[in-house]
Each structure stands twice: as C-alpha cells, then as structure tokens.
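Order of writing sets the labels: A, B, C and D. Residues in every chain begin at 1.
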C-alpha cells in the first residue's frame, strides 16, 4: 500500500508544495501565510522552503490581494491567494465578481486567468458571526468562477492541484473543522477532476447530496440509518460549480428521493440551486419532495449551544431522511 | 379619480420628497445625487429643496457610503443611501453582509438599523458586464436585510416609503429599464407593505412568478396566451426577502403548475430559492416540474443582440409556459 | 490630578488587565471557547482616551475590544458572560468576544472584521453633525487596519465633511504576525493623515497621562466642530494575537522591553511618586479588582446558556 | 524632436480626437448605443505617456478608455466595431466601450468600475518582478478613483514591494458631476502619495511634451527597479461625463478656458514654431486621420453582429 493517513491540512500543504516545485509560476500571497504559516497552518514552512518572493505576506488588504492576484494571473503567473476567512470575502467581492470572473468573457476570450483563491469557511469554533459563514452560494451565482469545496484529505489535495493547473479562476473553500481530520492519501501524484461529484457511500433508498464538512455528518447519519434498515446513498459534490448534476440524477433515478444537506443559511443557499436542478431534471422520478437540511437563516450566534442549533446535526439529517421516506 | 399617471422615476422622487418632508431624520447620501440628480434622475431637485446637508454628494467610496449610512442609522438617523449601479455593490458587500445585516443580531437585538440602500440593476441598455447585473440572489442569502424590487410606479412609491419607515435595513433595487415606464399612482398618501406579493393578473391554468422588469414581459406573455385560450396567473413578488410563499402557494394549489421568470443568471439565482420553496410547500399539488425562465449564465455581453439573448424574452416565457402545460 | 480620578483610571486599567488574564486562564482551561484577542498591555490607550469622553459620546471598537468595552462603562459580569456565550451576556450570548457592544453606553461595538467599524464611526460622526449634537466619536482600530480600503474612504469623508471623529490607531507593531514594517509602506503612521489633510499625532500609548492629554486636545477640537484627527497610540499587546499564536514573528527581548514600560506600573509609580496614592492603597485596589473579576467570572460561569428559542430572536426590529 | 516622432504623436492625438467626435456623432444618431465616456481633451495624457512605453509594457485603462486603447496600438476599425458591439470588435462585441482590451498589445483593459484596474495593474507589476522581467506598467485612472479603497491598498502594496507601476491619475477636475474639491479632502492629489512614501508629481496634462518628460523619468525609475510613482496629469474632458450629462456642475467659462489649452493645437503650434512641421502638413495629417476614421466607421458599421452561438463562448479557457 502506498497510502498513508494524513490530515486535510497536510494534504493541502502537500498540494501547494508539489505544485510550487513543479511550476515556478505558482506563488502564494495572503495574510499571515509566511512565518505564521496561515491562520489554519496550511502554509507552514513554505516561506522557508520557497522564499519570500514566492510566499508573500501581505497587508490586510483583501481587495488588493485579489486584484493583484488577477493582474499577475493575466500576465503569466499562477497565483494562489488566500483570504483568511470567507467571512471577509465581501471586502473583495467587487474584485472577484466584476474582475476575476468576468475579464475573460468581456475581453472576448483573450485573457487567461489561472488564479486560485483559497479560503476557509464554516462554523464550529464558536467564533461568532464574522468568522463562521458559508458563502458558497454567492459564487455559484457568478458565471466565470469555479467553486470547489473538498471534504476529505484525498479530495483536498487532488482538487487543489487540479485547481492550480486549471486556466480558469477557482474559489477553493476549505472548512475550519476539517483541517485536523485524517484520511488516506496516496504518496504518488494524482489529480481529482473539477466538476465531478463522488458517491461516497452506495445506497438504494434515498440520495443524500452534500459537500464539505456536512459530508461527515451525512455519512454518520447514513451509518445510523443503515442499522435501522435504511440504505442511504451519499453523494459528495466536491465541486459546486460546475455542478455534477449527472451523478445526482443517476442516483435519484435509482432512489427516487433526495435530501440535500448544506451548512449555509437555507434561504438562497447552494441547496436551492441543487434542489431546483433536481426538480428540473428528475421531477418524474421523484416520489417525495426534496428536503433541505440547512443552516438557520440567522447570522451565526456565538454561544456554542446556539451555534450547534444553527447548523445541521446528524439528528436533523436522520429526521429529514425519515420524513422523506414516509 | 385621484389617480394620475406618473413615471417610476417620479414615483421614487415623490416617495423621497414626502418622507424627507415628514421626517427630519431622513437624509440622502450617494454619488451624483445632488445637482446631477442621480444617474437615473430620481433625486433631481432634491438638493435644491432640502439643502446640501440632507442631500449629500459623496466621493466614489461605496464602502464608506454604506458604512457611514449604517453608523448614522445606529445613532438616530434614517439614511437613504444610493449605490449607483448594483454592479458596484461588491465593493461594499463586506459592509452590507457583515455590518448592516448582522449588527442587530450580534448585539442581542440592541441596535436598530433603519437604513435604506437604493440601487439599480438589470440589463437593457447594452452597457455591458459592469452595468447590467441582477444580483438580488446574494442578498436573499443574507439574513437580516430585506430585498425589495418594485416593478410598477405604484409599488415603487409605496414600497420605498415603507422601507424608509421600517426599522430594518432594506436593499431597494430599481430597474434601469423601468424609470420611464408609467402607471397609476394616487395623489393621496399610501404605503405598500413589505413581504407581500401581489397577483397582478388572475388566471387559472398556470402560475407565473416574477418580479421587477420581468413582470412586464410576463404580463405580455400572459396576454398573448390568453388569446390562445391559456389563462395565466401572474404574481409579482415585489419583496424577495421575506418571500411571500403564501400567495405563491395559494396560486399553485389552484393552477398546479408554475413558471418562474427572473432576469438574473439562472444558476444560484432568486428563482432557485423560489422554486425550491414551492417544491417544499406544494410538491403534491404540482402536476409538472417548475420551470425557470432566467438569464444566461454569462457576464452580460455588450452587443445588443447578445444582451437580448442573455435575458428572458416574451417568447421564452410563452414557450416555457406551453412546455409546462404539455 | 485628583485622587478620585487617579483611582478611577488606575482601577479601570487593572480591571482590564485582570479581566484579560482571567480570559486567558479560561481559554487555557477551555472554559472560554472561540477567539479572544486580549488587550493586556494596551490599557492606557482605551482607559486614557475614553476617560476624556462624555457618557453620551460614542466609540467604535475592534476585534481586540474587551478594553474598550470596560472603559466605556461595560459591566464586568455582563461582558464576561458574553465572552462565555451566556444568556446574561451584554449581547445575550450572540456576539461573543468579537462583538461586545452596548449602544446604551455609546459603545457601537467591537467588530470581527479588521477595519469593520471605520465606516460606522464616520457615520456616527455624520449623525452627530446632522443632529447638530455636541457628541464626539472615538474610532479605535489597529495598525493593520490602516491598510484597509475603508480606512482611506472613511478618513477622506470625515475630513472633507469635518466630522467629529477621532481616528485612534492602536499601533502595537503587528497585525497578527505581520509587522507594520512589512505591511505598510510608511512606518510612521501619522503620515497617512497627510492624504486627507487631517491633523495627526504620535502618542506614547503606554503613558495614560500622555494619552489623555493628546486625546483631550483633539476631542475638544472635534467637539468645537473643527473636524477629525488621526492619533497613533504606540503600544504593545502582551499576549499573542490569539490563543494559538506561537509569536515566531517577534523576539522575547522586544516583549521584555515593552513590559518595562507597562502602563499600569508606570502610572502606579507616578502616583506614588507624586504622593497621590500610597503603595498600600494600590495593592488594596488591585485586590478589590481581583474580587470583582472573580465575582464576574462566577456570575458568568453560573449563568445559563441561551434558550434554543433565542436562535431566531433579535434579528429583526 | 524628430519629424517622424512628432507626426506619430500628433497623429495619434488626432486619431483619438476624431474617433471620439465620431462616437459622439454615432451616439447622437443612436447608431452607437450604451455608455461611452469620451476622451476628447485628454489626448496628450494617453499619447504622451504610452509613447514612452515599450510594446511589451503594460497599461490598464478606465471607463474612459478609448484614448488609451488607441495609444497602445489598438486598430481603429476593431475598436470602433467593438464599441458598436460587432463580431469584428477587438473583444468580439462582448466588451464594448467600457471594456476595450487587447492583451497581445499589453492593454490589460478598460474597466467599467471606477478604480477597478488598480489591483490588476499592481498585480501586473508584481508579475514583472517575479518573472524578473524589465517591463513597466502604467495604471490609468481618474481623480474620482483616488477615493476608492483599492487605490489605497494598491499604492501601499506597490510602494512596499517596489513594483514597477506608474499610477497615472487623469485629473479632469470631476468624477462624473462631483468636483475634486467636493470629493477629496485634499485638492492637490499628489498629497495622497505621502501616505505611501511614494514619489509624486503634478503634470500639465495638456502639454504632451511635459507628459512625456515626466513619464519618461518615472518609467525609467520603475524599470530600474526603484519602484512606483504617482503622477497627477491635470487635464479636462470636453464632453460631458456621458451622453445624458447636462454639465450643470461646471461653467461654460471653465470649459472655454481649458479649450484654449487644447493639447492638439498646443502641440501643433509648437511644431510649426519650431519648424518641425508645416501648417499644410498638419492639415494633410488631419485629413488622413479623417479618412482613417471614416474607414474604421464604415468597417464597424458594415461588420456583422455576433452570432447567437457566441453567447456562451469565451467564458472558460
């Protein structure tokens, strides 16, 4: 076996290291990614290895980080820039929406923007409303940018490497509660394609569609239900845009029922689009309405007890599945 | 009759004038709203009437406009601030998402934020990718802020007045192709409540759910179909958040079919949430999948021919309705 | 200086110091969770500056906001409870360390976003002007925040409109791990005011009397309608940026040097020297503060968590 | 000055002027639709500054970008076609007036967002540095853009990292209807550079030779790796901000005053005076340019609109 168990953090670290070694055009830029090693440690040691020119600590200037990343990407470099928390991405939303995502199209296809924006989201550390958000839905609504949200170390590494090599801009969203999770990762090089979901658990009674940290809860729920004789198929989207509706549709044609599990606020969230696409593609196969298990429509409260209530739990998922099967 | 025909622009102008006369705490702030009268003329003459203190031309500093509006709202004023095009709202997205929408909740309900952000969106003037967007979906996904999008002069006036008097922050999105449209508006004072959709045309075969400029196209399509013996009920949402799912549901229980018409990019758009809520509420009443007639998933191209293709047309709506009725 | 006033100032600094030390302890024991950016070392700034204000004046605070909240009149038990996410907290447990606020005391809130309250402070100043009131706003922020776009936009707006806002930068040499030297093209941050034609001054942020003197000058200036100012209070945070910070970016020598100018010791010594307070009295004061902190901690720890029903409350007016 | 060079510069200014006058005509006739911000009056800035650059140097442009595109080598027919939304346009009709760009010529694009290209220019400068190339970037933007947050963040970053970027502000006294006086806390915009320790200079933007002289100095400086500069080119736009602008915010006297310093006339007179060109030759040149513009207009008007299939093309690589 060439596999080893490593953490999500290490997987990201390996992806960055390998791609920086492979291609001199790849460089990193962001806040506290140098000696500090990144807020969640994913870039630790890279400044020592690759030097200050290629691992650039910036001022707290998110808009300029994105803008400069874009300018560098348009002129021959392959920047991987970091926004420490996705919560702060509003500050550079103008840059991402109007510049990064649109420039190629506006210029008639004459620009290439191989830019990766790494960021991190999600709740779980009782950090409150400014450090716990899940904002992927905004970016699914911006044509021109890929949205990637890996849940496992394997996918984190493979998808980050693919994103860096891709000539389109990518928003790569990690989850703060996953950095310490472990999983099998091959020693040898591999890539995970963008835009492909993966069935992480086979099942026949119902399709559970999820991504990022909620995959873990979904798998736990599936396991619990297995013991109760309910067979749940768990699909990990991995990439939210483009959405792999094919894999979802195939599963639903088999199970005829679907539950979507997402951590973001329910209204206008990623699950709305996923659910709507299912309806458009598989209405006649559906035996029950699609349910969303989603975050509460409130800013993330600080208190641990409220924070837990504000995001889906294994129990919420189990309940939704049972209701859908009723 | 106390009604008169006035334009959407005039209706907005009257709402601002009346509320400023009624309440000395109301003031305006934004780019070129003074002597210039606003990019689309809605504030023309107000600086002459109310003076420079209450009609404040700002520098091109969208983040500070929103931030300052918030600070003023928290300390006793009722600002109506303007972002010239919703396309630029990304620049102040951090302020809207993290500050304006969240502050009351984060502070345990101890703050009041009576702030109205007026802005304008939509395609139709071949202005290209930076002056034609429809970004309402982002804001539906931000708990804490109301999203209002009037389609008629009557609603524009009544909803703007209500928004100004409301103690919650409101994003008030006008449409650039509506300023010159005319409609009946009473001379006497009236308000239109937030969060209430209106059936703009009664019908029995199918429910057409729409808002803003697309209401006009939807009504045209309904008229055309009427002549073909198809009776279309047209619902104008007016407020996107909170969404009046009750009115929608009632209609669908009658028609059993629904088409959503929206100008924004389809993926992750407002229609996804609307459709998903219909599915959650009315699955068993639905005889056909809900269809979305929506904007193309591309940045808005400049060329008039492509711009028309990129947003729904009357023909697209007619076609979708017929397909849904098949 | 009157004895009463000296006690007030010294006590508040002690409260902040001990409050922060206690939070550190609670963090280490995992009783406090989530992020807490501690203000220990910077007490002279918050206490000195806010002591100049009237009760109905405003402040805006930062992610490092415990000190500002205490100095603006926050009750220790309510603040402590908030940091522990309790229902009795000043924000009902919804805000936490990063969002301490109390509008009834003129504290427009801490902020989890660097630079997040610069616009708010500017707007509060505008509100004062429009209401023709006589209030003043102190806007606290860090050296790191001066590189945010909204710093630029806000200072320009405030200067152009002569708003009564003191932009008070707590320059503790680092924004998280990145030094002012590495982040900012100018090391003397008062230079940034030149872009707005705004007066600016460097202030010894470890010397509470200096802070008071300079802040008073500019608060008076602002109150008279003469406009804003940028003050750079040079100070130091004793703890790392947050709990997990290994402080690789600064030296132990540097830390020691700054600790030699500890604002509480500095002020205490001075009060003793000038015969305003006796060493004994200071020790007693310290003990009293310790009791207050213990009491606050007890209150916070014994307080209930919010009810589930609170989740959807307080969002809309 | 060599005759060849003089002709090159004069001709380009004439091309821009006549191009803009033509667009105005097409707008009035509704042949051109949508927004077009015309550059007439400011020709000396784009032509003077860009004439200093090498072909592989970069520029970023603005919403008022026709002049920059022409000066950076854009072909008139392709630019005109783009503005009319034609398939033969430089961006295949997808960009339009606000998004003229040609990366093959080093034009990183016009931008519909005020301040929208400041980050891009800074990143291009960083790219040059990382690639150890010898290119230079000129970042054009208006006086109004200096009040945007990204101006602040970009100039700080460029100065700190010594990036080879010339931040060239076209100060035409107004951002849409709001004068520099009303928008900016400092009227002398070079003061804004003090916040970044960046050299800055005011330049007579109506005098192409002055523009060239100053730009050359700072382009050389940047090329030598010495870092960025802020240049304020003082100039004037003849037309209103856009078609619908009634220009209530400025006086006809002010307009006349500036027209007396018309950059094309100024340069022409000088060339005649110095015996480099004859009046006749200049008139001939003007005629030649008129023909070019007519030819470009013909080409653009006769060009086909994009195919429907183009809608979904060119989005992803």
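Operating definition for what follows: a contact is a pair of C-beta atoms (placed from the backbone, for glycine too) under 8 Å apart; a residue touches a chain by one contact, two chains touch by 3 or more.
Small disclaimer: the values here were computed from a predicted structure and weren't measured.
Considering the contact criterion stated above, the chains in touch with subunit A and with subunit C alike are B, D.
Greatest centre-to-centre distance from subunit B is found for C, with centres as Cα means.
Rounded to whole angstrom units, the spacing between the C-alpha centres of subunit B and subunit C is 40. Subunit C and subunit D, compared by their mean Cα positions, are separated by 46 Å. Annotation: 30 Å between the Cα-based centres of subunit A and subunit B. Under the contact definition stated at the top, the residues of subunit A that touch 2 or more other chains are 58-59, 61, 63-64, 87-88, 91, 94-95, 98, 105-106, 128-130, 143-144, 298-299, 301. Each of the following residues of subunit C touches two or more other chains: 91, 93-95, 99, 111-113, 116, 147-150, 153, 156, 160, 182-184, 315.
Viewed as a contact network, the protein chains are fully connected, with every chain touching every other.
Taken together, the subunit B residues at the contact with subunit C in this complex read 27, 53-54, 58-59, 61, 63-64, 66-77, 79, 94-95, 98-99, 103-114, 143-144, 166-168. Per the touch definition, subunit C reaches subunit A in the complex via residues 33-35, 82, 85-87, 91, 93-99, 111-116, 144-145, 147-149, 175-178, 182-184, 245, 248-249, 305-306, 308, 310-312, 315.
On the side of subunit D, the complex with subunit C involves touching residues 147-153, 155-156, 159-160, 182-186, 191-198.
Partner subunit C is touched in their complex by these residues of subunit A: 31-32, 34-36, 57-64, 87-88, 91, 125-131, 296, 298-299, 301-306, 309-310.
Residues 63, 87-91, 93-98, 101-102, 105-106, 128-130, 135, 137-138, 140-144, 241, 243, 264-265, 267-273, 275-276, 279-280, 283-284, 286, 288-292, 297-299, 301 of subunit B touch subunit A in their complex.
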